[in-house]
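Each of the next two complexes has chain A plus one other chain: chain B in the first, chain C in the second.
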Partner chain A sequence: MPDSKERRVISLRICVPILIAAICLLSLLALRIGSARLSMRQILEALSSTEGPVRAIILDIRLPRVILSILIGGCLSAAGTILQAVMHNPLADPGIIGVSSGASAVATAVFLILPTASRSVPMFAFAGALIACAAIYGMAWRGGAEPVRVVLAGVAVNAMLGGVTAFLMLMNSENLQGVLAWMNGSLNAKSWGQARVMMAYGAVGLTMAALSVKNLNALQMGDEIAQSLGVHVGRVRLILTGISAFLAASTVSVAGIIGFVGLIVPHVARMVVGANHKRMLPVAMLLGACVVLLADLVGRTIVAPVEIPVGIVMSIFGGPFFLYLLRHRKRTGL
Partner chain B sequence: MKTRGSNHWVIALVCALSLLISGYAFAESQSQSEMFSLAYPPSLQEQFGEGLLLDATPQRLIVMTPNPVLAMYEMGLEMLAVPISQLSVWPDELKAERLPLDRNTVDMEGILLLQPDFVILSTGQRDAYGKTLEERGIPCYYVKSGPAVTFQDIREMIQLIGAAFGKTEITQNIMGRFDAVEAAAARYKAEHGAQTAAVMFSEPGAYLLGSKSYLGSMLDMMGYLNIADQDKPASLLPISMEELILQNPQAIFVTHTSTATGEEARVIYEAAFEENAAVWGKLDAISGNNVVYLGASYSHASGLNVISEFETLLAIMGGGALD
Partner chain C sequence: MNIAARKLSVGYDGRLVIPNLNTSIDGRGVTTFLGPNGCGKSTLLKALTRLLHSGGVIEIDGQSLREMPLKAVARKMSYLPQQRLAPPEISVEEFVSCGRMPHQGFMQRSTPKDSEIVIWAMEQTGVRFMSSRDVRELSGGEKQRVYIAAALAQQPEMLLLDEPTTYLDIQHQIELTELLRRLNRKLGMGIVLVLHDITQAYEISSEVVVMMEGRVYSHGAPSEVITPAMLRDVYGVNARVVPVEGRPFPLIAYDGLAASA
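Right after this comes the complex of A and B.
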């Protein structure tokens, strides 16, 4: 794909190893530091033993958390990258197709109406996210789904579901703590079981995303050019949106709502390696992993032992960073 | 003779002045005794001042927060309206309109229609609702609410309200019940010594309650050392699992806002413990089955109920013998 910003971009051969090294470094740091202040000696001793609290902290709390951060960051960034190409909209993120509002409405209903089923919230949230996405597409469909119609239907469905969530919260204002903890998007107290579920989702979703690069590049050039290249625009757009919804819904079901990753990271990736998805998608995935790893590390150490959920950290730092990108919009494509 | 005459005038003048002064003083003392003074506890004085001073004892009372309701009902104070609260059940005999008066759903029209001359709100309601009422000339008094209200906060609030409304005898009676349950807690503390404890709140792994909370304050009085209290007593914290594992409390108490009973909370928590046994199982309290599951009534303060809830807690823990 021709890239007008070719001369500015960094080569994939330089970028990918740097990002992989950054992930490794951040992962080691995330395993090394946390609210429990452990010395390197304690950690090594614990790893060579078979029992004890330090071993549990490293292997059963921090390690699944690191894996989840990498996968969630990768999945959300891939979801955002796909949506921005499919919708021809630099502001598209998984929220636009109802993933966040659908998952929130269903999760809030479960927490407040069926509290004893709260352990099944991930399953319900996943279903809610996909149903909301299907509803938006259904409303936007007129023999095909024009991006503008999808965005407008998204605004309507998001507003409606937001209203349902707000109503439920209003009527249950005394017991919102569980809902708020979930909505803030947290990786605290996540198990190996959840990490395994995310690994399975991630493997499927990211593979499908990687296989979509050619279609993403075609769609990015506009519907007419894509059609002239033999792409069935309507069908491909639907499939790609489905992949994006699947990726985002899987993260929401495990960690709650983590904003800004799917919105910001694709822009940074585009700024670094250009708009060709063959380069942009893997860089966005790796960069997303770095961002969520770093955000979680900050959240669990900055006021330790109190935990700031990763979703809150992302909102605090993501907003100003997005404004920075906006000021440099020529380079970021915003 | 002339001198004697002028002396009479001076004496008469002094008498008149004395009468005037004493009369004024009497009237002043009379009006002072009629004045209504409701002090704020020291912890709220920085925010709300020393207290509320009104010309007369208010008659048309509305209470927009659950904590004072039961105590005021027991004191025989007539309330025009009390809040509909999911966590508080009012006695059927309480003759007051039930209005949706809680945090986010205050029915201002309903309140104004009742023409109150005094409204009690929670501290968090001041900006949203209290100021509107104050601007309309309706005096407002603010009390703490939610999970970060301690046993002592409730005791203090009841004492201040009782004194302000001149309900000395019944307030003393209530304070006697507070004393009795405090004594029972002190005995429990003496018998069982200090144990470390974590007080889990809401969903598993979401929050810990410190000793500056409703349930936390009761456990503090029973001698439990709360692991959420780091440098100072805490109220509600989203604390990390790592810290929980490192501190490894001897006992765990659970209260969940959405489950009416401890058994319902047990279902949720035991599923979480089983799902992530590698982590939760490291806690001695869980592997040793030293987890106490309590209903939603222990998650938020509901005023005078603190006494019966504390008694029940002591009974559950095997130290419930009251004097």
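Right after this comes the complex of A and C.
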């Protein structure tokens, strides 16, 4: 039956508008819902006035948070999409190249050993993420960095850094509050300052990601075919991994560790539009924005007035959803 | 197009598979590398496409291969490995379109000319009717033709294939060898193959390079090179080359292992 073998993919013309509409809708909900529930009319009135508490809530508290959710979702999904193609591994997540463990170890050290410097945690976490990634690549390097060796070196380095982090926490167990909040990835109390930093990171990282679609398409066909197509495989893989690490590290430095977005969203995007990165990358970015917006919204409302960090929501709901994907897919490859 | 290798040495992790090899391949015909497992024929093919680092000199039409940009190499020749990853979840047409990469700029979009060439490549290999199907859903023979279509979209002067008929049933093997012969005769595309089936090599090749232990054992027309003596020396088997009435090519009949000296 040739008909059943036709590829069933949804065209970008349908997909992109739906996702953008979803982002707008979720953003609007995120602006309305919170400790003070606002109606649409209140929002519009507040925005047309020049001062007032409602205006401050919307513009200074909720809007930066919405912008951060969108950017963090987009960046994490792009990072995962790139890594899965580069590693030929559908289970690749920015975590395997050490971004999370490196950032955690350094951030924990700063929180616990130099509490006075806790304002600079984002900077240190960013550096820690990239250093861990470089260490993994350094160890996997043997005239090139084959994906399998990177994954194995990643397991080793991640375990080591996890041990260091646990050790630091054990020795300073009375000051754990700040570390735990950071490690669970929270968007609480974010200001325009952080939103602006993330916008700058996102603009750089996502532009580089968008420029990589052709190389991603070539690399996912395998190293030898990619080189036969004129791609400098070793060099391009290193650059793309760097872009992925940069994207993930920037989100970690601003909001802490938010897992599963970089793993699940590329899978869903691939199921919907196929593995051609010209379509898959933009869809993954938009979908990632929706997912983080939704997860944060859930975290803020589900046991209000207590707020659950978005990282925890992603782990609790992301894990089972990933299992569901695995079971309900005929093919689980790239 | 002509590929020449002089004092070529290739190895993995310090172990030399090919210590010192000289050869010259006429890129207008169908050239087949024969030889037992581990003789270095696949390694030679990879070195000739710059997939492996090598010592010595490799020249394409007198130009040093190592000094050519990879994209320029990709416009001259296309290589199809034997072992491949599962293809990505894309359609046949998207897959074949990837073959246009070496002709496109960094951010350049596909032009109407690119799509024309993609359609042409799919027609040459008989996969156009399945252009919207998922590459992953295809059978082994269909996949092989799609890979060749992508290679054709590269518009190379030479196509290099590592054991393209392995894992295919006999119908698809014949289909493939006829396709390769047609590409050579009609389009003048040079074909370089690694094969295990000696009868098949006899039929398809204009030139055969027999390799043994990293060296060229003999090089010439199939009728000169494929002989009982070669099969005994190189493969260690007793065999006869048997002419068959009404058939342009002989068959190889194997009579068991040769007594080791």
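Here, the second predicted complex is superposed on the first by the 321 of 334 C-alpha atoms of A that agree within 3 Å, B and C clash if a C-alpha of one lies under 4 Å from a C-alpha of the other, contacts with A are read in each partner's own complex, and residues count from 1 in each chain.
The working rule: contacts are C-beta pairs under 8 Å (C-beta built on N, C-alpha and C of every residue); 3 or more make two chains touch, one makes a residue touch a chain.
The shown structure was predicted, so the numbers you read here are calculated from the model rather than taken from an experiment.
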Which partner does A:56 reach: the first (chain B), the second (chain C), both, or neither? first
Output check: A:29 vs chain B and chain C. Expected answer is one of first, second, both, neither. What do you get? neither
Classify the contacts of A:188 with the two partner chains as first (chain B alone), second (chain C alone), both, or neither. first
Touch check for A:225: first (chain B), second (chain C), both, or neither? second
Using the touch definition from the top, say if A:175 reaches chain B (first), chain C (second), both or neither. first
Let me test your reading of the model: by the given contact rule, A:139 touches which partner, first (chain B), second (chain C), both or neither? neither
Between chain C and chain B, which one touches more residues of chain A when both complexes sit on the common chain A? B
Give one of first, second, both or neither to describe whether A:309 is in contact with chain B, with chain C, with both, or with none. first
After overlaying the two complexes on chain A, where does the chain B footprint on chain A coincide with the chain C footprint? none
If you look only at chain A, which of its residues touch chain C in the complex? 2, 5-7, 88, 211, 214, 217-218, 220-222, 224-225, 227-232, 270, 274-276, 331, 333-334
Contacts from chain C onto chain A in the complex sit at residues 46, 49-51, 69-75, 78-81, 84-91, 94-95, 98-99, 101-102, 104, 106-107, 130, 132-134, 136-137, 147, 150-151, 154
What residues of chain B sit close enough to touch chain A in their complex? 85-87, 102-105, 201-207, 230, 236-243, 245-246, 248, 256-259, 264, 267-268, 271-272, 275-276, 278-279, 282, 296, 299-300
Would you tell me which residues of chain A are touching chain B in their complex? 34-36, 53, 56-57, 60-62, 111-112, 115-116, 118-119, 169-178, 181-182, 186, 188-193, 300, 304-309
